[in-house]
């Protein structure tokens, strides 16, 4: 069904970005920060309203026909390639749009307070709006190429926002790193896109539109490419692209550095929305991935490994934002794991709940950081519970949610993922996921206890609670962290899993709960609750009661495991040495070769020609020119005699002329 | 409007005469005369763009007059989808470059006279359909270029100008020989490019090979394709800003234009056989090699020059794909690279005018000092690294998509350079604009209205063609389909 | 009856005298006068041919052009002569032999 | 001998005689004045040749313009005492030889050439016809002539100006 209002969802924030980008400095100078904030927040709020309307319109339609399309114009049409600029709202994208505009809007409001006093206030909001627009293009895109526009667009905004305070070179570097690591993923993404297009062109119908891809995917199932199923290759390439955006192994390294950006940015881009783009992509192409079991298995294990590794690293981080960053990576690992076991509904569900509580955690961390005058080290925090009650309350709720304490949102969605893994028949995956649940609970409460409990270790006196413009969004997000889970409350606990049913047409495997064994699901649930409780208990024992000194555990086995984790397994260093230095070295070699070999060859040829010409010149001077000179000498001598004729007297010249003329005439007549 | 194409050539020439007649001291009068001489071609080009018959692959606006009947030489001009895009680009860049040359203070009269001669010759190359006329314009273009680099250039201008001249002359000799070869092997003997393309079946395979190689080397020097590229960095570094813009924006396209017009149109068998080695593989290598070399540069202009080499590789790769997408992408890339690289050179020129050097490491953190300028730089850099939504993305994706069909591995190599391009572009952005401010440049003035005037039209085009590229694609599509169809039977 | 040849002979004599004048005079004004004589001789010829030839007025037209050119030549020539006189304080053509090889 | 013939011979004598004085006189002033005789004689001959307009122009321009100019020049460049300096450059004899030979050849040509003469049409007033021709068939040469005159004028002025500047 056509719905012309869809275009306004991304266009409104884009408009805001354009206004602020071109005239924001003027607005800020003339009308102050409030005007900038109004221009920035209003479009997002309107977009949210339209998103709600879209959602309602979809809900009113029969379950199988829930599709709204808004076609704007033909973007590219060459031969068999036809790409429209068109927006597509189906249950999956409508949900994503709600998350992006809703949580994005809250973070906009929060930023109004957080960024107060920033000279480039307008630039921040212009980029934030642009990001929102691009993210909406990404989720609403009707085809893969348009999705790629949003995909790269959010990468650009992420780059610019990480490096927002670019006067510090480290921030700028972090931005570049994020963009470049993502580009590596995009490289694979692009190849996957090309392969998909040509395979479809050869075996079905050339298209890049999602609905067409879904329709024709089955036709590709038997096609092979160099011994591999072509779908395996395509999905693997696309998934590499997803690992870039969603910070999975091996391309996760950019996300921790991305915390250099302002905290609302970390909340919006690097927790709630952009990093879930990879998950969204796989969920979007669910039909395609379902036909490539080999890729799915790899995806599941990549997700599990990422979840475990990131959780382990999070345990030893001391920077409050770094802990949250690794926690994000770990949670994204959960989602990817869910995708890998074919439970894209569960993945999207966790994506949504995670958006609530992780955004809340980040924003809470932002309040703390602001209250402590940009202090981010956990070891210099503590005792903030009393000073910042609202922040503490919301933070605690979110921490409980992420730790998987029932009945909060995190518990429901994480449990569904674990159960999906188990019901998929892979105990190993479940075991990894289950142990990560414990780690998650531990590092989250380590953070809570270190930051809010105990005595104050900060040099800054009397931290104050954040203003209402910041705490209200926190409260709303915390409420979301509590209640979002009920949308997908599992049937085994008497719920209807409404979310699973909602996504079912888009994500074919979302509602695959019909035939599961009740007992196993309950077992999974209980086990994970126990694990979460254990994690919290250990954290309590170590950081509140001091029963076990953290240092003793760190020193275990000579301190090597701790050191490796603290240095993030030296992955950055390895990448630096292998890829960055490698490429730079290659570029130096190439440049040197260019100057010393190729250009030198050209210059050499030139020098050779010059040398030869000099030799020729010598020959010329001595032999050829010598002869010419003799001739010239003769001529000169003759001229010396003849010059007497040149008397300089006009009459004499005339006389000669006339005489010659007369002679000629006489000769002619005679 | 009759004689539209002839007017496009004639008006700059008339402008040149007018400039020559003005007193040398009247700098502003000369500059405005140059503006006046570049506006009509731009207007005509815009008009051509609107009235050009989209679906027609043949030449339009053809004018044919006998010139030297004894050798069947005509004054024959016309445009098809391939050349009209280039004519449009030339007219636009020449107009903008007059403003970019405003700061020339020495030899103003000679500079603008030569510049207008260059303008006319460039348009001539793209519209000429008789080989003699084509070669005449091809050579005519060299002369002003040589002087513009050699007189108004940087410290090593003599070296750069001579290098440029010799390189191009070497190519010209091969082209001339190949033209004569075509002339004498065609029956009846003719220089008419339309007739030669139509009667391409009469050329034997062996002849096609020889002529193809000769034409290719001649054109490859202009592109410039590895290993004939070393004139480019020197010429760019030494040339004044506007001339760099013309050089990268228009002159480089003549190489690929020539290959498409001559090698594809007249020598299809050899094209089918040699395209993989000479165009696809070399193109992919150009992309990679140019990007790697660019990364190691410390001079901003050299960096942009090497990035040009890299980006022109996409054109070669795309045209060698023999898919409609790839070949359309190649020509689109010619246009888009023209606009994007013009922006880059103009921007480097702006910085050079203020700081009088181009050392990448000599700056640092100047973004807050020149915010508008930084905005333009960011736009141009992101366009150059192929950000979706900007024009270069469309052409690069089309090229790689097309190339994937025929040579997936080369397409992968080309795509991998996207990472490298992003790498050196962002690294440069970081080294020059971000980080702590270099106090020496704390008082640089931001971009002036005149400089902005040269950049804004390009910026608009870069964005517009990224969002809505169909007008351009429709313009070139039919002609390129015909060109491609000529080669396809021999693959 | 006076015919064409009469006029031609008059012109011939004037021409011969003018030529002699040009050849022998050292005075540049004298040379100019000789040239005037030659031009007059040519004019007589033109008019004679016009009179005795086919009935057109081309000859008369050319004669008028010749007179016009003579006037122009005289003006410039005299200006040059005056210039030479200012430079060399003589109009003797032998004084201006700086062209001598 | 008819009266007209007599007048012709008189005019021819005036013309040639004055020309001879111009050619042989040692005094430039005499030469200049006898040039007037040539011009007037020639003008008379023009009348005989039914070219009344040309004759008038001859008198006006040659006698009224050029000659006056010449006399001025003679007066300006020669102090009155050295009017005699005009001696011969090329020897008289060689010049006479060459000129005589040339004249002989030309005379031979005049005599031997079989002139195809038409019967002269009755004379008519030519001014109107010439005027029409100048603005008709001969427009371009006419305009060019005006440009030449202008150039000569400017050239003469600039030459004399230079002279003034030097002083």
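The first chain written gets the first letter, and so on, giving A, B, C and D; residue counts start at 1 in each chain.
Keep this in mind: a contact is a pair of C-beta atoms (placed from the backbone, for glycine too) under 8 Å apart; a residue touches a chain by one contact, two chains touch by 3 or more.
This structure is a prediction, so every number in the text was calculated from the model and none was measured.
Asks: When contacts are scored as defined above, which chain pair ends up with more C-beta pairs, A-C or A-B?
Replies: By the number of C-beta pairs in contact, the winner is A-B.
Asks: Where the CA atoms of chain A average out and where those of chain C average out, how many Å apart are those spots?
Replies: 96
Asks: Calculate how many whole Å lie between the centre of chain A and the centre of chain B, each centre taken as the average of the chain's C-alpha atoms.
Replies: 33
Asks: Using Cα averages as centroids, what's the distance between chain A and chain D in whole Å?
Replies: The computed centroid separation for chain A versus chain D comes out at 99 Å.
Asks: I'd like to verify one number: the distance from the centre of chain B to the centre of chain C, where each centre is the average of its C-alpha atoms, in whole angstrom.
Replies: Measuring from centre to centre gives 64 Å for this pair.
Asks: Got the chain D residues that touch at least 2 other chains?
Replies: Where chain D meets two or more other chains at a single residue, that happens at 89-90, 95, 98-99, 102.
Asks: Residue numbers in chain A touching 2 or more other chains?
Replies: If we look for residues of chain A contacting two or more partner chains, we find 649, 651, 655, 658.
Asks: Could you list which residues of chain B touch at least two other chains?
Replies: none
Asks: Among all the chains shown, which pairs meet the touch rule set out at the top?
Replies: Touch list across chains, by label: A-B, A-C, A-D, C-D.
Asks: Would you tell me which residues of chain B are touching chain A in their complex?
Replies: Checking each residue of chain B against chain A gives 163, 166-167, 226-227, 229-231, 289, 291-297, 323-325, 328, 365, 367-368, 371, 382, 387-389, 393-394, 397-398, 400-401, 404-405, 408, 411-412, 415-416, 418-420, 422-424, 426-427, 429-430, 433-437, 467-470, 473, 477.
Asks: Can you check the complex and tell me which residues of chain A touch chain C?
Replies: 639, 643-651, 654-655, 658
Asks: Note which residues of chain A are touching chain B in the complex, please.
Replies: Residue positions touching the partner: 25, 73-79, 81, 85, 145, 148-149, 151-153, 156, 159, 163, 166-169, 172-173, 175-176, 179-180, 183-184, 186-187, 190-191, 193-195, 197-198, 583-584, 586-592, 594, 598-599, 601-602, 606.
Asks: Can you list the residues on chain A that touch chain D in the complex?
Replies: For chain A paired with chain D, touching residues are 649, 651-652, 655, 658-659, 661-662, 665-666, 669.
Asks: Contact residues on chain D for chain A in the complex?
Replies: Result: residues 89-90, 94-95, 98-99, 101-102, 105, 108-109 of chain D touch chain A.
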